[in-house]
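Same chain, two partners: subunit A is paired with subunit B first, then with subunit C.
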Partner chain A sequence: MRFVIRKILGLIPLLLFTWTLVFAVMQVIPGDPVNLMLAGVPASEEVRANERKRLGLDRPIVERYFHFLGRAIQGDLGEGFRSRQPVSTMILEQARPTLELAAGGLVVGLTVGLILGVIAGIRPNTWVDTVCMVLALVGVSLPSFWIGMLLIWIFGTMLMWVPITGRGFSALILPSITVGLFIAGGFARLVRASVIEAMGQDYVRTAKAKGLPPVKVVLKHALRNAMIPPVTLLGIQIAVLIGGAVVTENVFARPGLGTMLVEAVLAKDMPLVQALIVYKTAAYVIINTMIDIVYGAIDPRIRVEQAA
Partner chain B sequence: MGKMRKTKSFLMSTAAALLGLAALAAPVSAQDITVIWADDSTSDVTFDPRVTQSRHEEQIIVQVFDQLIVADEAGKLYPGLATSWQAAPDGMSVTLKLREGVKFHDGSPFNAEAVKFTFDTIVDPRTGSQGAIDMIGPYDGTDILGPYEVRIKYKRPNGGAIDSFTENELSIVSPAAVQRLGNQGFAQNPVGTGPFRFVSWERNREVVLERNEDYAWGPEFMGKEKSRVAKIIHRYIPNNATRVAALEAGEVHVADIVPALDTKRLGDSGRYKSMIGVAAGLSFGALFNTTRPPFDDIRVRQAFFHSINRPRLAQNLYFGLVKPAFGPLAPPTPAYWDGVEKYFPFDQAMANRLLDEAGWRPGPGGIRQKDGKPLTAYFPVLTLPDVAVAMQAEARRVGFDIKVENVLKQKQDEVLMANQYEMAVIRWVSNDPGVLAIPFHSSNIPEPGKFKFNWSRIADPTMDKMLADASAAPTAAERTRLYGEIQKKIMDMAIFLPIHDQVQTVVHTAQIEGLRYSRGNWQVRLVGAKPAGR
Partner chain C sequence: MTALVDAAVRPRRRRSATGRFMRRMFLHPGALTGTIIFAALVIGAIVAPVLAPYDWNETDVGMRLSAPSWEHLFGTDLHGRDIFSRVMAGGRYSITVGVATVVLSLVVGSLIGIALGYLGGRIDAWGTRMLDVLLGFPAIVVAIMVVSVMGVGLVNAIIAVAIAGMPRFARVVRGAVLQVREQLFVEAARALGASDIRIMLKHLLPNVVPTLVVLGTLDLGSAILSTATLSFLGLGAQPPTPEWGSMLNSGREYMRYAPWMMIFPGLALFLSVIAVNLIGDRLSQVLDPRSKETR
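On to the complex of A and B.
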């Protein structure tokens, strides 16, 4: 418990640091928010001055920094430059489709990754292993936009089995596979390595010697102990997904936090960028803390070490 | 392995069940229809016509709002919310009689108060208008002459006033709704008098509109029958390939900005119809920096212009769907002058002669030289790098070495403000020939920190005066004449090379018909859509 509290407290200076860093970077990168916003219109100087004032860009940089920060501490992250809506509302709106895709991608990624990894791990250096690892390699190496396009072409346009865009469960299938294949690739390779290692351990030999059926040996004894490295990777993947899968969102015309962040950065929409980065940083830390706790559940030896 | 097999078969049966359930867009039925539009953006932030500056937002606005005067695709004017109008001979005001019996979607009445409220709030800085404020011109106020009669006054003569009332940005908003929702709320819940009322908006996913059952005041050219479109679903599909795939899979009925190759393929299949709209405003063209060598010499600019075979370029890149451009204004723009079509035909011999005269001699590698310096020019491009590269290849044949760089907007802004470029492409959609002031008036030369659009950096007092006179012309005929002279002057100065028409490529399923471009050929009015042949 103390461990969790320490992690959460550690989040505060970290958030302040990222906040400041993002603020500084946004000042340095070229482009003026008002220009970017008005790029397509014959806006007069009057319009530009109005906008500058509305966005608070007419104030000195130090004042702006503390103004943003002061409001943020009170829980008000401000309004988006372009949308003129509260950024917290905007993020909440986009969080749902992002979480849907993250969940879908994880289900596909874990299932496929686990199956490929275990099959390859219990038959190392056979043709089965080679086939599984080539599939894993394909998953990690092929760019998402290409896999996405291929899936759209086969299942959307040719076979017309699933909708390409839209909302609801059926429209989540293709994007989940696109994201899932990438996760599955890396996951499968780690599972394979861990299973191979675990299969050589004493406790597996003991289990086998006791005459347990092979399935039970693999799933109960070997796999459980082999899960630490894959779970670590999983934590990172979840955090990435929660931040939004930009390319997949674009290909399948899904709303999401990834697209929102890219657009916000390109438009130099400061309040939105700040809020999104804070959200992402917090997500990383919280998920990694959760993964640390999961270690203990998977492997009782870790719990013993912590207690000691 | 038993457990694993079970898992697998479970997955398969789940997948099969899901696939069976997959719902595709309903086919177009005989009676009322739903039209699903696929838009190429994800950037919509407001549907308040007074605020918008985005053609994507206007695609919604044109369905939800009405304008005082409506123009058909050819630019002919029809009564809209105003039944008649009269411009004062001095150009200082316009008097309009308004239609009676019109209601906003919230039930509040349309009247002179609504017009005054809309225009007064456009010029209020608190509204944060980005487009309408410049379109409304030198607005000085609205006099209410009666419940259905207004006089719009200007600080200076405004010959463009009547045209300006056809713009989507000057659509009339419901004062009651703005007062109830506030400007921010109204931007998310627009209330107009148009053929469709706003229902919902899920950001970056879709907007839903429903037919306004009371709508009986559409412009004459749209026909008097009730719209067959009960519902519009406006989806955001930014990826070109996905948008086309969704159209082919029947998930959407209409897609905008379809790439040329797909437009041709889909059109050839017979199952789709394409609408190629030539946008009014500036042609897609290049501005040449007259303050830096080599284009500070008019002969070098003329040589460059003659070296480009524009008809061939348009044919090769757009399969004949897009026509070459000849003047600074696109043909559908009011006051277009067709004299431009005689300028700068493709003529390599002429280009070579002009370069010889200017002192640029053939040098190593086919690149011309003068005083030991090669004939090079830096050409940053934001979009359509293929056009820039095609021009690069053509100009190379007469000895130009053009350095094309595909840049991000931020980088483009920097080099343009710092005057570190020799040429740059511009495009601008507008129904107002006054758009010419944007790239050609001396007050619009970019400076450090001030991004503006006079990228040829031409500072010509005569030009400035001509632009000012034309924008203050009291009558439309005078305005057309003055803008014609300006177009001639721009061509004579050889500062703008028109490349091709700026087009909107909308493709829709052949199952529906009756879609029409609104003025400027950029937004599509969906009110007239109906099942094909019925």
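On to the complex of A and C.
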């Protein structure tokens, strides 16, 4: 528990630093938010000035910085410049499609990655291993926008098996495969390396010597001990996915936090960008803390070390 | 005496070491395949102006959106431009941009890494923390933010992806420097009165070069991908530049009627990335002493 609290306290300077960085970057981005909001619609100087005042843009930069920080501490991240909705509501709305895609991508990525990695790892340096690793390499090398378009073309346009756009389960299949293939590639390579290492350990030899069936040896003894590096990678992947898969969302014209961030950056919608970054940083740290806790569940030796 | 022995023994040993490296490196099916594919793409890009069947910007409205045929191997695009010629020429942009990106992030990243690792203390602690924050963002998001500051374009895309990739190099180099920093030759150099800059560049940098070579090669694939991604999102190379990502972007609208517009540029992109990854994988196996037994 103390471990978790320390992690959460460690989050504060990190968030502060990230906010400051984002605030600074947003100041440098050329273009006036009010002009971007008006998008070429003619407006009098008075309207512009009022709008600037409403958004708090007329105040000096230092004041704006601390004003934002003060409100953020109270949990109020402000309103979007363009939508005039609280940014927290906007993020919550977009979180659903993003989480759906993240979950779908993880299911595909984990299943495929684990199967390829384990098969390759228990038969290293055979043709089975080579085939699995070539597939894994293909996974990490495929441009996700290209494979996404190919999937749309083959399964959406030619075979018409699944809808190309929209929401719902069937529309989630192709985006999930697109995201999943990339995850599977990296995951399979790490699982393979870890399984090879674990298979050479004494406890695996003992398990074999006890006469356990090979499946049990691999799943219960080797795999469990081989999971630490892949789980670490997994944590990073989940954190990235929760932030939104920018490219996959773009190809499949899906709503989501990735698209939202790109649009917010391009429109200089400062409160929204800041809120999204806060959300991403928090998600990143929380996921990583959870992964640290998962380590203990996978490998009791780590739990002992933490307690000691 | 030692000089004599050196002269007699060293040249032969050194040559055989290089030979052994080359043999271990390239007599491997994966690395060989990767090298052949990559060489083919690079040569195609170099000879494109002379040997490509058509000029890559030559339009032929009568032939617009025509399917692959003997006349146009990969078909034509909306303006009747030959896609085969454009894909050939595309390597000039996509591959060069990838290499430029890696070189840029490698140079900047390793300078930062060496400085952090060598100077240590508070500078190192804060610098490393900042790098961690940068690493926490997906590279593509950092790149998009950089592009939104500097504006859209191919050169800016290079800088953006380089900035996004820099923290990884800095981290690895910092780690490597921490390992060599305490060794005797560094102490000797310091005792001889060498300046900090000199120690960093002359004594520490050469020791991290093998690590950098492996890392740079492994990173090249993702650098080519990231810059192509920016172009695909419309933030990098602009039409009519025959850059692969930008060609894919123009192809997406005509996916239903002219899928070849997106199939072939994407295939070239995929092949170049997988080729580089094959080479990088083997290079890290050969240069990493621990992996000698496993393969």
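Note that the second predicted complex is superposed on the first by the 296 of 308 C-alpha atoms of A that agree within 3 Å, B and C clash if a C-alpha of one lies under 4 Å from a C-alpha of the other, contacts with A are read in each partner's own complex, and residues count from 1 in each chain.
Keep in mind that, in the parts below, a residue touches a chain if its C-beta (ideal position, glycine included) is under 8 Å from a C-beta of that chain, and two chains touch if they have at least 3 such contacts.
Computed from a prediction, not measured in an experiment: that's the story for all the values here.
S.K.: Give one of first, second, both or neither to describe whether A:250 is in contact with subunit B, with subunit C, with both, or with none.
M.R.: A:250 sits against subunit B and subunit C alike.
S.K.: Looking at A:265 after the superposition, I want to know if it touches subunit B, subunit C, both of them or none. Which is it: first, second, both, neither?
M.R.: So A:265 only meets subunit C here.
S.K.: When both complexes are superposed, which of subunit B and subunit C contacts more residues belonging to subunit A?
M.R.: Touched residues of subunit A are more numerous for B.
S.K.: After the superposition on A, what does A:61 contact: first (subunit B), second (subunit C), both or neither?
M.R.: neither
S.K.: With both complexes superposed on chain A, which partner does A:24 reach: first (subunit B), second (subunit C), both or neither?
M.R.: Touch partners of A:24: none, neither subunit B nor subunit C.
S.K.: Which partner does A:149 reach: the first (subunit B), the second (subunit C), both, or neither?
M.R.: A:149: touches subunit B and subunit C.
S.K.: Between subunit B and subunit C, whom does A:92 touch in the aligned arrangement: first, second, both, or neither?
M.R.: In the superposition, A:92 contacts neither subunit B nor subunit C.
S.K.: If you stack the two complexes on chain A, which partner ends up touching A:83: first (subunit B), second (subunit C), both, or neither?
M.R.: first
S.K.: Where does A:46 make contact in the superposed view: on subunit B (first), on subunit C (second), on both, or on neither?
M.R.: first
S.K.: Look at A:157 in the shared chain and tell me whether it touches subunit B only, subunit C only, both, or neither; answer first, second, both or neither.
M.R.: Once the two structures are laid over each other on A, A:157 reaches both partners.
S.K.: Once the two structures are fitted together, what part of subunit A is touched by subunit B and by subunit C alike?
M.R.: The overlap between the subunit B and subunit C interfaces on subunit A comprises residues 29-30, 149, 152-153, 157, 250-251, 266.
S.K.: What residues of subunit B sit close enough to touch subunit A in their complex?
M.R.: 1-4, 7-8, 11, 15, 18-19, 21-24, 42-43, 45-46, 53-55, 125, 128-131, 133-134, 184, 187-188, 202-206, 235-239, 241-243, 245-246, 248-252, 408-411, 413-414, 428, 430, 435, 437-438, 449, 451, 453
S.K.: What does subunit A use to touch subunit B in their complex?
M.R.: Touching subunit B: residues 29-32, 35-44, 46-47, 50-51, 54, 80, 82-85, 90, 93-94, 97, 111, 115, 149, 152-153, 156-157, 160-170, 173, 214-215, 219, 250-256, 259-260, 263, 266 of subunit A.
S.K.: Spell out the residues on subunit A that touch subunit C in their complex, using ranges where they run on.
M.R.: 14, 17-18, 21, 25, 28-30, 124-125, 134, 137-138, 140-143, 145-146, 149-150, 152-153, 157, 196, 239-240, 243, 246-247, 250-251, 261-262, 265-266, 280-281, 284
S.K.: If we count contacts the way the header does, which residues on subunit C are in touch with subunit A in the complex?
M.R.: 30, 129-130, 133, 136-138, 140-141, 144-145, 148-149, 151, 221, 225, 228-229, 232-233, 245, 248, 251-252, 255-256, 259, 262-263, 266-267, 269-270, 273-274, 277-278, 281, 294-295
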